[in-house]
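Chains: A, B, C, D, E and F, in written order; residue numbering restarts at 1 for each.
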Amino acid sequence: MANESQPTTGLYKETLLAGLWRENPVFRLLLGMCPTLAVTAAVKPALTMGLCVIFVLVCSNIIVSLMRNLLKPHLRILMFTLTIATFVTIADLFLKAFALTMSETLGPYVPLIIVNCIIICRAEACASKNGLIVSVIDALGMGVGFTLTLCVLAAIREVLATGMIFEVQVMPDAFVPWAAMGMPVGAFITLGLMLGLVNLTNKKKAKSSCHEV
Amino acid sequence: MILANVLELWSSVWPAGVTMLGLGSGFALVLLIASEKLKVTVDPKIEQIHEALPNLDCGACGFAGCGQYAKAVLGDPELLGKCAPGGPETSSKIADVLNLQVSDSGPQQRPIVRCRACTADKTLYAQYQGIQSCIAANALANVQACGFGCLSFGDCTRACKFDALHIVDGMTIVDYEKCTGCTACSKACPRNLIEMVPFGYENMMIVACNSKETGKSTRSICKVGCIGCGICVKQTDVFSVEDNLARIDFTRYEPNEQAETAMNKCPTKVIIYRGKTAPEPPQPGKKPVAATKA
Amino acid sequence: MLKIKHFIQESWLLIVASFAFGLLIAVASASLDARIKQNEKDKLDNLMKSLISDANDFQIAIEQAEIPGDRGRVETTDVYKALGEDGGVIGFAFVAVGAGFADKIKLVIAVDGKCEKFFGFKVLSSNETPGFGSKIKDDDPESDVDFADQFKGAPAQEFELIKTGKLEVIKKIDSQIVAISGATVSSDAVVKIFNMYTDKIREQLRQKGLIGDGK
Amino acid sequence: MDTLNILLMGFISIVIINNLVFTKFLGICPYLGVSGRIDMAFGMGLAVTFVVTLSGTLTWMIDNWILMKLGLEVTRYICFILVIAGAVQLVEMYMRKFFPSLYESFGIFLPLITTNCAILGLCLFINLWGINSLLEAVVLSFGAGIGFTMAICIMAGIRENLNLADVPECLKGAPITLITAGILTLAFMGFAGMIR
Amino acid sequence: MKVNVKGRFSFPGGIHPPEKKDLSREVEIQPGPAVKEVAVMLSQHIGAVCQPLNRKGDAVQAGQKIGDCDAFVSAPVHSPITGKVKEIALRSHAVLGRSSAIVIEAFSYSPTRRSYFKLKDDFDEKNYSAGQICEAVRQAGIVGMGGAGFPTRVKIEPNPQMPKETLIINGCECEPYITCDYRIMLEWTNQIIAGIKLARKASGCSQVFIAIEGNKPKAIEVMNRALESFANSDSIKVIPVKTKYPQGGERQLIKAILKKDVPTGGIPPMIGVVVLNVATAAAIAEAVISDLPLTHRVVTVTGEAVAKPGNYYVPIGTSVEDLIEFCGGVTKKSAKVLLGGPMMGIAIADLKTPITKATNAITVLTKEQIGRAKFARRQTACICCGRCLEVCPENLNPTKIAHAVKYNFLDVAESYYISACMECGCCSYVCPANIELTGYIKTGKIFLARQKKKIPG
Amino acid sequence: MLKDIRVSCSPHISERLSTRSVMIDVIIGLAPAMAAAGYYFRIHALILICTCVISSVAAEWLCNAIRKKPNSLDDFSAVVTGIILALSLPPNLPVWVAVIGSVFSIAIGKMVFGGLGANIFNPAMVGRTFLTASFGVLMTSWMVPVTIDSEIAKIDPDNKIKAVAEEGLVHARTRATPLAWSKQAIKSELGADLYSEEQFKATLTGEVGGSLGETSAIALLLGGLYLLIRRTINFHIPLAILVSAFIFGAIAYLIDSYSYVQPLYHLSSGGLLLCAFFIATDPVTAPLTRRGMWIFGIGVGMLTMLIRIVGEYPEGVMFSILLMNAVTPLIDRLCKRIPAGGKPSA
């Protein structure tokens, strides 16, 4: 990771972009799958979820980065959890106060951000080793990467399941919605195929290990 | 005014703060005691690897948490790089820990393939139909006329995790840039054609044949086989002939005039160089069909 | 003594942090609490208002009314009274819960001041399958009849669910409710919720003297 | 009798009808990660069952007996996660020290599931469903664990079979697991509405 | 250990390939070609390889021992002809690849019809001690002639740890095409029975069963008649077993007759059984009574592509080429030359391959036939139809094992008991997807053996 | 001498059997059911079967092309999938729905797992379930056989025959589907005895509403018998399914013979026969061992009846197939074969 004493703009850019594609938390790290699947029936909740994650990620990365030299090994994870849980609670309160419908749609998946591996992973892998700026940029990159992925997934599902996107009709009237895409099946299969597609785009020369006839 | 506000806020806020304080310190205490009282001693290597890991216990590696992965990696270094959250950085750290065990003394061991017959050089008695693997083909006598040479089904290339082996026109060619000397290929070859030898020099001279047939029968089935004529032995005692087959004592080999002469005098041109910058091997007699990429 | 010192040394950060975070949460909560409460009340009010459009204000009439449900469970709900322009009680509304196809269905149900006729219901929350059970809340623009419309003005007595799709039957306002085709279960759930609450609520209102006991 | 009925129905419902993995998308990370081999999957399932029962019970008690009484619902999430993390860590250490064989067979999975949403998720759902008896909370938590075990074992069986199949290179691993899980949710729809 | 002779002697699994025995069934055993040169392999059996006893240029007599070895599990080899050692060189061996052989140039060899074996009137196995028989068998270089080539002495020698009770004489000949055992049973009946008695004496078995498939009624009849006319043969019974492949596999035979399973990975003596091929029994008689080493054997040369199919008595070491040539050469249709039958036989490419003691047949298949077999036709993926499971006599799961090998999960293959497979080929035979199950299993076994060998070293 | 000889592993001969011949057998076995469908639903049947087969085949071709794998159409398995999917769909299903179903069947149900033989779930049932989940209303709108006099058939204007309860005894053959009727009978407490003898006969000949291929029990039995005689399928799975379904149905009937129909009706109506002979027997997705087949069959039978009797859906066949497919690897593991000589001691 970055050496704090000589941060460069290039590094920041690098860090930011890493989260968007190269180390995209959903596609590459396969982390945080539960919200990815649960909230992507439509774009709106997906976006809300993504924003919450960005908020929590940035805040917790800031705190962890500031405290990074004071952490004791046996309490490190506990400390991360505590920090994250705090910001998740705050985010939840905000949602309840300013976006009640969204809060109801997302239900328990907002508090579940606490155990979303992306956040704790970034706290551990980046913030606890890096300075404030790098941590924040990393959090933003990861968060935006997560949000974008969520939104793409949600867009596909929402269009097919309802013919709408952001609750605006986009498909022709003759289109009969595929209700299954709004159900768990749709979530699993769409994400599976998307992952496959992503694997395909950066497939390295893979060797088959079987004795073909 | 402000003070009053703050006080009022405080009065509604303190229970939460105190609860959390209690919870936090309680857990801290319990965990501290537990971590000291319930300590289990483990292999320091595992501990080292464990420390290098992110300790997220996320399961991305397919193991039950970082501890298990650490244990597994120590046992089987091929599992390296399974930790997605840690990324390459972690992998290299673990590799460092693991490497402490590897003692590197003497020249590196690298594989040589002791057969240089390309497709055109080989004689076939019959056409093989069946499982395209050297082991399977080797189970049948004389799939090729030469019972010792490379079968070209590429069991070795599949065994190589580093993409360092390729079958080119029926010949197995080692890419010494990529090869790490892991010996997987030499274990895979059912005909034991691949030998790990100490590469004292960038290029090594090798006898690229494994045929123990008499010279006459070797000649009748392969243009580039060793006929055990012993001309090379006459040049330098690095060579020896046994079972109709010349061998090189690699521990004593050094590039010199005599070896070069031996190579040039070899009637079937079976002595060649192999290595990172080895020149194209000479062709005996008539040139075979130009090497086409397999 | 040494141990305590050791403990403090090791854990002070956590202790301080927990305290600080506790305060942080409490502050956030304190500042947002009012809004959250208001939000919830607004939502309910809006729903009740959309059912009883004449109402000016809603007040709690019975707090924590107990409704015995299936299998010995007891649900509790607040019953609101709707006050008209003149301050008179023009209706009652309450939240009713029951098992739907996938998860619980929460409805807001409104009856008139004499507890004789329903104003209808609105879905407060449900998790029914989109395209199937979700039709209990959607106003389907394509069909000229609405499942929910069947309850508007219906007499406050036992409903019966039937499956015939004849338009006249649907349009007729009576105690026969025609199920949404493809979502019989959800329709049935709504009907069951009505049947479970209506009598009990009326009973309790009567006990409290909020309505007369003559029918 | 009624109580028994409720408990039984609740149990069946959470094991097959409202299975955490298939309907609530909880615990997907280990579901994808540790379903490669049946023995591992089974160990994981046992560990989850244990932890989820433990934490479901604990958090219900804390929630109902402390937080609600004191009006401290805002700190619910923090309390839950701390209780889960702490309890799991303690049990793990304890087991490792005093029951090494038990630890080897399923204790090794314990740390992995602290960060698994199935645990916290279940505690939250129990709160959300307004479960108001301790017994019911225990049974539901246990059922959730069993449901997870069932799901992950089925998946592990399938994946062991897929090892011996020519799955497209780009779909190997997580993608095919997700698609399989999708079809599984379709299959489990057959139970929908059986118990209400 | 009572045996119900009436029962249907069979085993679970197995297949019914077309028998095709008519080609050579009625052809009497005839003398083979007048070979000019034979190549006697130094390793014709399971066990240690023999060391040559002669050098290039030495003259050898017919029946002279030319290779031996001190190891217990081994058997000497003898020169079948009088001639000169031309060289000691590599020759193709069906199993071992290139392997050393003593090449002997014949001074003169004229094949004669084998003189009829005369059992002396005073023959009584009691005249021979067990040790004597064993030693004679060893000196004669007798190995199993049913295919595997295990040194017979080791098999029949009493072993205090595994006392032998039952001797089964394997006359099933379940492989399609092959008829050499059948002819031997018809023509050398007395010799077989003498051999059986000697083997019984040597091994100390109390009961003997001669297993013959139901499709060889004549052999059953001849055998029964011979037994009747022989003294002291009441504990010997002929058992007609069900016609089905691989009835002749020793584990299947034991299951069919004794209803007992040989433990997986174990050998028949563990349950007190010895199985000997009929040709082996005949060889024992010859070795003990006439003191003749094993230098010739009966080979069935058959197949639609052979002009003159038949059963020939040929010197061991004769090359396949000579033998086929002798049978009128091969027709144009021929496409595959097998040592053995079509189910378990090994396809050879080098027709100079010499015949060994274990070679019971040479089958030449036509293009049309192999076109109908696996490989040439299009393979599909396994459709999991379960046919291979149903026919597997060892009750294995061939498709799982084969796929585990194919995808390199050898531990899975082992967990499905790959080592219990006897490579009978039933699974490949029935597979509608044309998967070479047996081939994969064989490959996997070799692979595992290599792995095992490599790891400790 | 010999120039053109070959070598390969033993055995060198094989039975005259190929994947294609097995699949063609299944198609022949399905022919009576297709004929019955053609008789009762005429052009609808033709359109649906053709659509499903063509789009299945096209989807398989496309998937192979994308993977750059050799074409695998000549094994005919895609055709079987197409036919079975078509036979399990409502006759008047719009063509585009059938296309979506076929493509989903082949692409998601089969090819992503690696094509023939690798799929865990029955492709046709995967497709059908997806369609049911997506287009529930279309998938539960049934038409009466065209052979029924339209005078008798009281077809609703929108051609959706929902059994008309208040009219009491509607003409037996015009009720939606036999199972839907019985389900409704349970719910509306009309009593299952309305399910008459006449109706039972109709399910045998097939003159009832329902999926394309499931209506005629006789045609299905005929086809099943053919497969059994040809040994394309083993008797274990069909027998286990039918027996366990019968027993389960009988138990329900004995407990409450007023609301539950006779067990025999359960066997003859709905997709149970189609399932028992053609769907559950799909070798790819069924267990390999005999013992496994028994367990599988019993599981399918019981789950089907459980869903029919207790569950929400009138028909449980496709779910029970998918559920048992999912546990097939576990069943196979449970029924792992032990070598004839017992487990090796080492």
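Just so it is clear, contacts are C-beta pairs under 8 Å (C-beta built on N, C-alpha and C of every residue); 3 or more make two chains touch, one makes a residue touch a chain.
Bear in mind that the values here come from a model prediction, so they are computed numbers and not experimental data.
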Shared touching chains for subunit D and subunit F? A, B, C, E
Where centres are the averaged C-alpha coordinates, which chain has the largest centre distance to subunit C? E
Chains sharing the largest count of C-beta contacts are E-F
Distance in whole angstrom between the CA centres of subunit D and subunit E is 60
On a C-alpha centroid basis, what's the spacing between subunit B and subunit C, in Å? 68
Suppose each chain is reduced to the average of its Cα coordinates; what separation in Å results between subunit A and subunit B? 38
Centroid distance [mean C-alpha coordinates] between subunit C and subunit A, Å: 34
By residue number and range, which residues of subunit C touch two or more other chains? 10-11, 14, 17-18, 21-22, 25-26, 28-29, 101, 131-132, 185
For subunit A, residue numbers touching 2 or more other chains are 30-31, 74-75, 77-78, 82, 86, 89, 93, 117, 120, 177, 179-180, 183, 185, 189, 192, 196, 209-211, 213
Can you list the residues of subunit B that touch 2 or more other chains? 15-16, 19-20, 23-24, 27-28, 31-32, 35, 56, 58, 60, 125-126, 129-131, 133, 136, 139-140, 142-143
What residues of subunit C sit close enough to touch subunit A in their complex? 10-11, 13-14, 17-18, 21, 24-25, 28-29, 32, 35-36, 39-40, 43, 125, 129-132
Sites on subunit F touched by subunit B in the complex: 4-9
Taking the touch rule as given, give the residues of subunit A at its contact with subunit D in the complex, in rising order. 30-35, 37-38, 77-78, 81-82, 85-86, 88-89, 92-93, 107-108, 111-112, 114-117, 120, 180, 183-189, 191-193, 195-197, 199-200, 203, 206, 208, 210
List the residues on subunit B that touch subunit C in their complex, please. 9, 12-21, 23-25, 27-29, 32
Complex contact set, residues of subunit C against subunit F: 101, 131-132, 162-165, 181-182, 184-185
